[in-house]
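Here you go, one structure.
Labels A, B, C and D are assigned to the chains in the order they are written; within every chain, residues are numbered from 1.
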Amino acid sequence: MQLLLKKLIEKNRDWVNHGKAANYIPELNKMDSKNLGVVLVDTGGKVYRAGDYQVKFTVQSMSKPIVLLLALLDNGEDTVFKKVGKEPTGDPFNSMVKLETLNPSKPLNPMINAGAIAVTSLIRGKSKEEKFFRILDLFRKISQNPKLDINMDVYLSEKKTGDRNRSIAYFLRDVGILEGDVEEILDLYFRQCSIEVTCEDVANMGMFLANQGFDRGSGKNIVPKYLTQIVKTFMVTCGMYDASGEYAINVGIPSKSGVSGGIMCAVPNKMGIGVIGPALDLKGNSIAGIKILEDLSKELKLSIF
Amino acid sequence: MQLLLKKLIEKNRDWVNHGKAANYIPELNKMDSKNLGVVLVDTGGKVYRAGDYQVKFTVQSMSKPIVLLLALLDNGEDTVFKKVGKEPTGDPFNSMVKLETLNPSKPLNPMINAGAIAVTSLIRGKSKEEKFFRILDLFRKISQNPKLDINMDVYLSEKKTGDRNRSIAYFLRDVGILEGDVEEILDLYFRQCSIEVTCEDVANMGMFLANQGFDRGSGKNIVPKYLTQIVKTFMVTCGMYDASGEYAINVGIPSKSGVSGGIMCAVPNKMGIGVIGPALDLKGNSIAGIKILEDLSKELKLSIF
Amino acid sequence: MQLLLKKLIEKNRDWVNHGKAANYIPELNKMDSKNLGVVLVDTGGKVYRAGDYQVKFTVQSMSKPIVLLLALLDNGEDTVFKKVGKEPTGDPFNSMVKLETLNPSKPLNPMINAGAIAVTSLIRGKSKEEKFFRILDLFRKISQNPKLDINMDVYLSEKKTGDRNRSIAYFLRDVGILEGDVEEILDLYFRQCSIEVTCEDVANMGMFLANQGFDRGSGKNIVPKYLTQIVKTFMVTCGMYDASGEYAINVGIPSKSGVSGGIMCAVPNKMGIGVIGPALDLKGNSIAGIKILEDLSKELKLSIF
Amino acid sequence: MQLLLKKLIEKNRDWVNHGKAANYIPELNKMDSKNLGVVLVDTGGKVYRAGDYQVKFTVQSMSKPIVLLLALLDNGEDTVFKKVGKEPTGDPFNSMVKLETLNPSKPLNPMINAGAIAVTSLIRGKSKEEKFFRILDLFRKISQNPKLDINMDVYLSEKKTGDRNRSIAYFLRDVGILEGDVEEILDLYFRQCSIEVTCEDVANMGMFLANQGFDRGSGKNIVPKYLTQIVKTFMVTCGMYDASGEYAINVGIPSKSGVSGGIMCAVPNKMGIGVIGPALDLKGNSIAGIKILEDLSKELKLSIF
């Protein structure tokens, strides 16, 4: 396995030259687009690492399925899906067109920004701090890494440049999807996106979903199975932005990408995988990262289809 | 003329029962939807009044052509039309779809909210207060009413409930159309919308445009002719929201409506007309107001076509 | 006047190098994009000609206001405007998006292809031939040219390559706007577009509209005034495709362009103008043609605003 | 199993009253909306039947994955996916908006009408008849029913009322996706939709996909595994029109619905299921059919997630 990972890193390393690090958040653009790393964790807890696996990066959109899980735990399915739909969109992750053209207005799914912001607004807590701590706590548990924290530079950069997300959030409040203080909700959202991880953290998070909510730390199921199923379904139908359909065909693993270049994969009952490769394609996914996962899926027959 | 106006008020009064006062700003909804008034001012300065002409109301979108005039004076055509286009849209006044689908992103015209907010951001002044005073000053001059001021209740209500406009403004800043502090620009925009007038003020404002920028107060032309032509052209192609085309056929007078139920008309070289009728149709225009103007246009042959 | 026209042709001739002849109908692409001609007819019937005024070209979309006039005569306003709206769109002339997103589905105005095809379907006649003859007859009368006829090569080329129009027409039948045989309606539409004219014919057609329906041939009003007003209003709000707003500001004359590079202008109560310049801008209008009309409008103060 | 199916039919029978048979093809509307039947075939070839399982119905959109399989066999992946994309859309099955707004224009996936028509155009054959026979032959093989044939009444009804599909097809030819005679391609498409089946046929077809292309008739694999994987992936991401996301969460089985009220399911390596229930919800899926599949998926743990 170790060898396989190493081989795939070498085989696909050249793809890092075919994309660029995200440029719409200045701090993200500072990432080294040449990096490429992968970590794989199996059900036995065995870990395999290759390439630039030590690189740190922020979770960005990879936070969406995890915070959805917490929102579902906090509120139940009915409440959550009153605020956000279940359908893939075919539109870019920051698109607002369907918010206006659909009646009633509702973000189509929790993996696009509009839906994710709506989901974040549902996290419970007496204060902004408590809400964020509850999110961070879940990330720490499922990544098996109690030291996870936010990258302050990225967080401040997001906050400063997050006008499109502000536009989305005010729209959502106008149509009654969001309640409360918009800047406070966005602050929470920017924080969740700025949690800093390594491939191994991400692989552990994927493993947790693959394991249907079983927490290796405590040896207990800390989330009901069917909620992890919901989350994995979204990862298949809308986890890779508007390239989810193609990815489902070529890779076939429930996955979620982030604009930092990370990808979190949950192979049901088998393994979790974390990949980093900041060079992105036009849809916002790691180019070399996807290539590695295509090869890995074929070699190990990981497609769920 | 006096008799004609009176007759038309009576003839069309029943139409006030076919619409509703605007409900998306709570304060506007307090207006009495049964009101119907009209004032006509001719080139000689002669004034004709009928119906509930004494009612006070806020200018709302009727401010858009006036503030556009000031922005053109402040910046010149080139600068203004770099930020906002010249085309009618066929979409509702608060639509954001084309902001996303057109490339590069730019509000299609200055009569929809997106365009009007962009225009307001161009008003010059050392401080927020100076900017607003310059706007108010122009309104006072062209309305021949030095006492014009804002309605604080409406202003605060707009500010409180203006989430769609916030959504638009943050979008505009994200795509580089707006610069500076969004809440400050919106504050200025909400103030300009909240200037309180009567039909006579509005008729005088229309007369000023009909007179190609001639200010009866000072006896001088205070705005170049061609700028008033630009403004009147927008009033024809996009002055009545997405009902402008039908209105151009049925009335044919450069006009601008506001969701308060007011309509400002400029019959080139002939007269200014101000109408109030808070009962609106689904597109946001005064139902009975339009009916009166249709009749008036036919009786006096006012169509420019 | 003669001199002025000549001067404007020379001044603007270089603009023919900034655009291209239409390429989506192969026959249109054969036009010489270097041509530039103009003819002006005044109320007294006096004719002024300059540049390549003898060039022949097909009316294309310039047929839309004329056939609309006939449809209004044949069916009355109510029937026609049940099938087609009165609003400018902000979308390209062949766009179908709003047909799908608006409910009920209805072409927004008679100057876009969808609306024009709906209008053509309303022309009366016992047979396809009679319908076309009635259209051709009106064109012959108002152009003062009894020899007008269709250009068979263009007609056949349109018929062969008209798939987008077929797509529009079948959509319209699906939603109940069109009735009858689609290919037959399109055949009539392709014929009307293929009527061949010169600038003088077009200037006479414009003069007829400027004259409110007065036919110089018979010395009679052959169309009610108010119908010519409706048509001219559409020419202002949607006559130049999705550049109508800008044109209204810069030129301010009710006009209709065609992808052959022709423009027909009706200056109310003053004159008709016909321009040809096959080099088109991206929106489908004659680049040099518009430049000449901008100059002419300024020189002679022709703007209606 | 027999008992379970019977129980689920009874439990969910009332749902047939909550929808209506499709009304846009007159013949489909003649179906008895009270019907509800299910057939399940397992890997051993054992068959379980319950409810109105003997009802005959046409495959409609259930033909899309099967014809896609044939097109992939005929042309290879590259050729097929040059003409049609791989992404879910979030739009209704007959939507054309994205054909216009995306550049280059290409149907987003082969499960919407635009994509399916493009796929059908790729089927090989010397004549229209040979092409259809090749399609029918594949259906006969994989349904284990050599007697399958088309329902002439439905076919003629589709052909007569297929204006939206004509609109789509002419659009596709205009943008270069379709080549050849549009009516001929549509004729083939209408035929494939009109193949008449029972639940058992459909269950066998699903079994064939579940079995990764293994044909029980011949005891051979007649389609490469990876092609059946592609098809099943589309069934998950876009098989249930714009309700695919919700269905993936609630049922989690690769499935394809048709407006006749049928649903074809392929539970990987386990079973095929065919359901009929002509009462449709607003998105075009069988209401009671989905309810049964939700229950069945929970009872037998069939979700792939």
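Before moving on, here are some points about what is shown:
As a convention for this text, a contact is a pair of C-beta atoms (placed from the backbone, for glycine too) under 8 Å apart; a residue touches a chain by one contact, two chains touch by 3 or more.
The structure displayed is predicted, hence computed values, not measured ones.
Contact with chain A and chain B alike is made by no chain in this entry. Of all chains, the one whose CA centroid is most distant from that of chain C is A. A separation of 32 Å divides the Cα centre of chain B from that of chain C. For the pair chain B and chain D, the distance between C-alpha centroids works out to 54 Å. Centre-to-centre spacing of chain C and chain D amounts to 46 Å, using the average Cα coordinate of each chain.
In chain D, the positions touching at least two other chains are 101.
The chain pairs satisfying the stated touch condition come to A-B, A-D, B-C, C-D.
Contacts from chain B toward chain A in the complex involve residues 95-97, 100-101, 163-164, 166-171, 173-174, 182.
Interface residues of chain B, counted against chain C in their complex, comprise 85-91, 98, 108-109, 229-230, 232-234, 236-238, 242-246, 248-249, 252, 254, 268, 303-305.
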